[in-house]
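Per-chain numbering from 1; labels A, B, C, D and E assigned in written order.
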Amino acid sequence: TQPAAPAPAPTPAEETPAEEPPAEETPAEEPAPAKGDNILKVGGSGYDGVFNPIMSSNVYDGYVVDLIFEGLVTLDAEGNYIPNLADWEVSEDHKVYTFTLKDGIKFSDGTPLTAEDVVFTYTTIAHPDYDGPRSYAVSGMKGYKEYHAGEAEEFAGVQLIDEKTVAFTFDEAIVSNIENFGYGILSKDYYGFEDYATFTEKNNAPMGSGPMLLEDFAPKQHVILDTNTNYWDAARMPKIDGVLIVEVSEDTILSALESGQIDLAQPQTNKDNLDTINAMQNVSPVTYLGNGYTFMCFETTTPPFNQKEVRQALLYALDRKEFIKAEYKSEELASVGMAPISPVSWAFPEEGLNAYDFDLDKANQLLDEAGWEMADDGFRYKDGEKLYVKWLIYTESTWPGTLAGMAADTWKQIGVDLFTDMMDFNTVAELTMDAQPADRPNNFDIYTMGFSLAPDPDLAGALFDADASAAGGFNASGFRDERVQELIQKGRTTFDQAERIKIYDELAKILNDEVATAIVAYRNEMWGVNNRVKNLDISTYLTWVSFIHDVELE
Amino acid sequence: MRKQPILQVKNLKTYFHTDSGTVKAADDVSFDVYPEETLGIVGESGCGKSITCMSIMQLVETPPGKYEGGEILFDGIDIMKASKRQIMDIRGNQISMIFQEPMTSLNPVFRVADQIAEAIMVHQNVNKKDAEEQAVDMLRKVGIPNPERVARDFPFALSGGMRQRVMIAMALACKPKILIADEPTTALDVTIQAQVLQLMNDLKDDYQTSVIFITHDLGVIAEMSDRVMVMYAGKIVELADVEELFTTPKHPYTIGLMKSKPDMSTTGDRLTVIQGNVPNLNRLPSGCAFHPRCPYVMDICKEETPDLRDISATRKAACWKVFQEKEVSYE
Amino acid sequence: MSDTTKQDALLRVDNLVKHFPIRGGLFKQVKAHVRAVDHVSFEIERGKVLGIVGESGCGKTTLGRTMLRLTPPTDGKVYFKDIDVFAQNKEEMHKLRTKMQIIFQDPYSSLNPRLPVSEIIGEALMQHKLVENKTEMMDRVMDIIEKCGLFPEQAFRYPHQFSGGQRQRICIARALVLNPEFVVCDETVSALDVSIQSQIINLLKEMQEELGLTYLFISHDLSVIRFISDQVGVMYLGEIVEYGDKKQIFDTPRHPYTEALLSAAPSFDFEKIRTHKRIILAGDIPSPVNPPSGCRFHTRCPYAQPLCAEEVPEDTVVEPGHRVRCHIASGKITVNR
Amino acid sequence: MSTRTDIVNRRLLKKDKNVESFWANVFKQFKRNKLAVVSTYIVLAIVLACIIVPMVSPYSLEQTDTANRAQAPSRSHWLGTDNIGRDLFTRLFIGGRISLGIALAVVTLECIIGIVLGTLAGYYGGIVDGIIMRISDIFLCFPFLIICIVIVSIFSSGPATLILTLSILSWPSIARIVRAQILSLRELEYMEACEALGISDFKRMFRHLLPNVMAYIIVYATLGIAATILTETSLSFLGLGIRFPIPTWGNLIQPARELVVIQKYWWYWMPSGIAIFLTVMCCNIIGDALRDAVDPKMKR
Amino acid sequence: MRTYIIRRVAQMIPVFLGIMFILFLLLQLAPGGPSNMLMDPRMTVEQKEELAEKYGENKPFYEKFFNWIVDAAQGNFGNSITHKKPVTAVINDFIGNTFLLSSLSLLVGLLIGVPLGIVSATRQYSAVDYAATVFALIGVSLPAFFFALLLLKAFAVDLALFPIFGLADPLLRKADWLTRTLDKAHHLVLPVTVLGMTQAASFMRYTRSSMLEVIRQDYVRTARAKGLKEKVVIYKHAFRNAMIPIITLLGFSIPGLLSGALMTETIFSLPGLGKASVEAVSQRNFPLVLGINAMLSIVTLFAALIADLLYAAADPRIRYD
């Protein structure tokens, strides 16, 4: 189970099925190769072969990109941005970021990485023909509109100062602007283009400054990377000879781990898998809390969910502890969700949130209060309307089904007529977030999805932002609250962390009470790692790629 | 008397055990075939003519068929007990057979020459080229114009008459001692039938072959055979020299058969008919199988089955009436 | 063409032509025609039997079918009691159908295996509203069944429970139940056992006499034709090459083909077998797609002369009611027989 | 006359035992095949169980028994429970209802479409035939499974979608069978006799042609049910057919895609796997036996 | 013959257009478009809109269809959205593997099914016949995925005799030809077994009934009457004729084979077209969906044509013009 997300190391708030698509499996390799080989073997699936930091749109390609390319900044284990290729300074008004490249940086072909390459990378994203998914990284910068529309020759927001220095100017001062600088830098000489089509042709032949080189890519079979012996930072030269990524289906991943065919893989998080890994002699599990949550969005503009009591009642009537036991088979691997902030974040409120523990009486009481009365047929009615709920469920992941399966039983007991509609993820997205707000009441009452978060707790554009309720925005609930809007805006423009903690504390409490969108659970991520792999310490903010410089194999 | 018979069939019994009962297709059939003679077999559809002859070549499919008993002596061998090899050697070499349907009896996917040459190669130990030459010769002998070209044709390109000639060529390719012709002209037109019959007569003399000629057409039988055997419901009912049989038929069935067929000389308003239907072989009446249709039926006919007895030196019959009044003359 | 036009002709066939197109090529265009029936004329008097003989593929069946308009004609006319059969509209034809019937050759494929005999026979009665209700229908069916030599209790059985001869009786009953005036018998007895053939021929004859029927009797068996017909037409490659009274055809055949046919027919008259010298025609019947030029028979004719390949012989009336299509008969060539 | 009336009356009042219709004959032939008879009983038993079990079961479709989650078969749950504690015995038979129901619906629908179009094409020929056959070509050349996937994954995957999809994709085979049969039947002399007797088009099609094609259709339908069950379960197994919470035999088996489930939770997938296999095999056996019974060529 | 082929190919065009038209119609009705899948959550509504525009999602459906046809006629099937490269290149990546799997399975199916069918037909009602019939019955009744799972569990997991996934060991990619071939074979054993057995079962059933029919034909009896050995009679005379309908089955089994490959590829994690197409559908990667379907339709259409031509080659009675 992996988050399907864009490639850059700093992952912005990601809207994805928190689990991964269904029938993806794939081939890979074979019986354990000769002992003592010094290649890290990673299992996974879903590589599309778009190995370009500004084009890739899935996590797996992202891993490869991050091994081959390096960005200006990167994350540390606490989720803070630290210099990578460059050090930076921010202007007083927090609008201008000036990056100064470190010395001696070279691409793998030996040419030096200069400020021009940085400018090239960012102007390419703004190029009128650009059809990749990174536009937002530059769209907040000065002069983007003009340049992108082809009206300006130059991209004013990206300024080449000297050979080592670049300045980026934003229109607005926002805390999370720094997140835009994690994308790998492309070589202008290598990628430089006449037309945009020739640029994309190089997706399969990446060239960057990172510690690895692409050696071979066989679609749906494997990606092979060799260590870049030319790597510019000799001190951080990888200690392994390369990385072999094999496509293994989720269904068989555990067996592949056990047999030593792969060293590293992320099976679906649940106790069965955890136990299986624990029982393996050569493999150990790594679990950590993910930076994200699963949620359940109510359509709040029309009955029944235009009443807060109904939303709360239904949440009370859903035994999420049992759900966690059913889906993850252990309470250790997930916890009941309360606020749209991950518990890993500094912004997560210490206390004062309602966990909506399973309580049918309370649920009944709330529904009674809200005017929904139980009729003889076992369902509740208000103004002649049945308490009918249409829940859209996508089938790429199992958890929405499990959750709805449990709701089907307990909600029936409180008089809810639940209809679950199964479809694929895209269809759910189309009917909810991508639909016009006016159509949404017809399309659904509830839908469920997962959400991965960026390190910064900024809530703008997310589930509760009224501005994000247009078609294509993430707030499909139609929820609008002035105070919430105010706090969201304040949160992203306040640069003092203590101040921000207070802001997010208040926000969390309001949202927890309103439950326009209920946070279902915080999940752990789980990896299986072969014991021969040393110095690999995967955590919330650091993927295995982050340890490429340190990892050692026995 | 005559020469030694080259083929003796004694008490042949070939049955089919089907879901709806046992079909006695050949029931206690005995007859001899002499060198260079033509033995005609007549009888209505389903009376066991083909099965009798196929039994001689052991070609009845088992199952569903079953040889229930009897002997078939050929060349000192009892075919019924012969080994597979012996049978292979007899088939197509000593005894060969032409089937009723020239349209379906040739394999549609092989060329004419291949099909003839195949038989020659198996039995005469010659190479393919020689065999094919012989095949073309055979085609010429059976009067096929342009035999080299026809040899390269597939059967579907030939007309019915031509195919039947090919069948004859194939059957005679190894100069068999006995040729069994199972209704070889039934599917052909009158003028073509005349061609084929003449050809058979000519070739028979050339090759000094004995022929067993099956047909249900009395006219053809009269022209082709030396002796005639009449079958009814799996049994031989009468066996005699051809002229004797046609001029003085004895068995009521033979009589009826001859009268009911309009001849070129038939006059009058109505045809004489044999009443009733041809019996179903798995539901035969008791006694003489013909008794329900027989105008001369007696009590004994209903109970006991008459066996085939010599009536005179040249004639056998199986009929109580005939046995009783050996010299009876029918009208 | 025909010598005299008799007043009481029930059916008159005038220059009937039926060609079947053969398609081929890229656009399935018509490449050639099978000349199944080519300019055939004759007439049948009420209560008489016209026998048609000829070899396989010469167009006998097509002739019968086209006359009944079971297949659309290419050209020519057929008059049934002065009604132009081909000019009738759907409605009128529907009515006319009850007057003209056909009995087929194959007793196995000519009965619908899924219907009981009573339905097979009675269906048309209901269709044409010749009966008021089922009871009346059953009455009519039972009548005809008995007439055709079957038993009433057999009326509810299915065709597979009958033998070939009995099936042919059912077919006859089906055709006759409508009280037709004219019946085409297309090789009606060819597929039957020898001993059964005579039963059916007798039945047909009885019915003809009893109901005053007129038959077109198609067969390739000369002896059957000779027995049943009043007039005989000899067909060769879509044409009637000789036409006349039974006596004329069988006793004084004028066309070489008729002669050959007669001489080729097997017989069990031993006098004849011993003395008779057969005329055996060489070669096969040519294809009706590209019939030989001139006289169509010239390729197989023992008397053929160059003229025969060039000129199409005319119908020649050699004696009243007897016409021949041959250059010898018309006196254009002479041969030594 | 009176005997005749007798006969008619006897016939109208009760069956005359001398009369053996085609179907009676088929039935007789069919009964000879013991394996097919046993299969018929098995299928009947399965169908009956699918109807009855959910009605008498103490558990309902949604009911979760959280205390006994993922339990192996026991006295209270004969086939165990799934990961949220639903009774798998009950779900197996509800799933059977759906799977069998879908198969039946699909086959019925495709037969109706196929028969109508096939009859029209075969009977009228010419342009009608040309158009219908071209359309059927289009459907025959669709990459079947992939189109199914496109449709069911794109549109809401209720049983109705699946039924429509499968039947629309599979009618051409029936239409072709019917057309071919009618083309050859049309040549039979009894069809010509119909023409000569002036029987109407309608009666000719529905009284003379169709009943003769029916036997083949029934054979096809039986085999079609087997094939449809396989297709439906394959789609469901891929997660593309009918989806939770409606159980079908296919999606009941789906958890087995994980090796862990195969190894640890045999009762999740084994029963439905066996049910599919058994039903499909029995339908195939019945279909084969029917074909032998219907087609005298294959008779023993 | 040539005109026949030309006519058949000409007839394919409307059929092909019909298929693609219906497919377009379906995709048009599909909720969600390719741009959905690529969306980075931080993209603004306008940016998404712009991308949708770039992918041509907003054009009217007939215009899309027409453009696609025109481009396709020139061999341009567009770019796969997720792979960011031409559809033809993506198909090219996968088709070889699918082809390998399908053709091997077909071969296995033929090699097992046909002889088994012959033997069981010639010894009808013998023990061999019953065994073979039961085998075939199980083969057509056992769901392929179920069979695959059982094999996977038994041979790959429990006994660890075969690899669980994949088509080749990437570490051996530079090894010599023989090693690589053996490695590939090792990976293919289980998938080919699954797909091959299903094929074998249907070939066996078909061969058996075809042989049963042919064995009763007159010309087989003629062959026996010539004194030929039973083997020659069966394998030369009978089988040559029984083969003719099998050839037709062969043509018709191609599309089914590809569908079967899809299931098998999914379960055994093989890098083939089947997987690629399922993924393309769920990602709304319409150009790829269209490309794959276009290719499969063309393969199907040509398979039918080739089956007909082979039919004519096998059966001299058939002449097309």
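To be clear about the criterion, a residue touches a chain if its C-beta (ideal position, glycine included) is under 8 Å from a C-beta of that chain, and two chains touch if they have at least 3 such contacts.
For clarity, every value in this text was computed on a predicted model and none was experimentally measured.
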Other chains in touch with both chain C and chain E: B, D
Between the pairs B-C and B-E, the one where more C-beta pairs touch: B-C
CA centroid of chain A to CA centroid of chain E, Å: 38
CA centroid of chain A to CA centroid of chain D, Å: 46
Chain A and chain C, separation of their C-alpha mean positions in angstrom: 88
Centroid distance [mean C-alpha coordinates] between chain D and chain B, Å: 50
Shared interface positions of chain E, touching two or more other chains: 30-32, 152, 157, 266-267, 278, 282
Residues of chain A touching chain D in the complex: 22-23, 250-252, 254-255, 268, 272-273, 276, 319, 322-323, 325-327, 329, 393, 395-396, 401-402, 404-406, 408-410, 412, 420-424, 427
Residues of chain C touching chain E in the complex: 24-28
Chain B contact footprint on chain E (complex, rising order): 125, 216-219, 221-229, 237, 240-241, 244, 314-317
Touching residues (chain side chain D, partner chain C) in the complex: 3-4, 7-8, 11, 16, 18-22, 25, 188-190, 192-193, 195-200, 203, 207-208, 211-212
Chain C residues within the chain D interface of the complex: 65, 68, 70, 93-94, 97-98, 100-102, 104-106, 109-116, 123-124, 127-128, 135, 138, 142, 152-153, 155-158, 160-161, 171, 174-175, 178
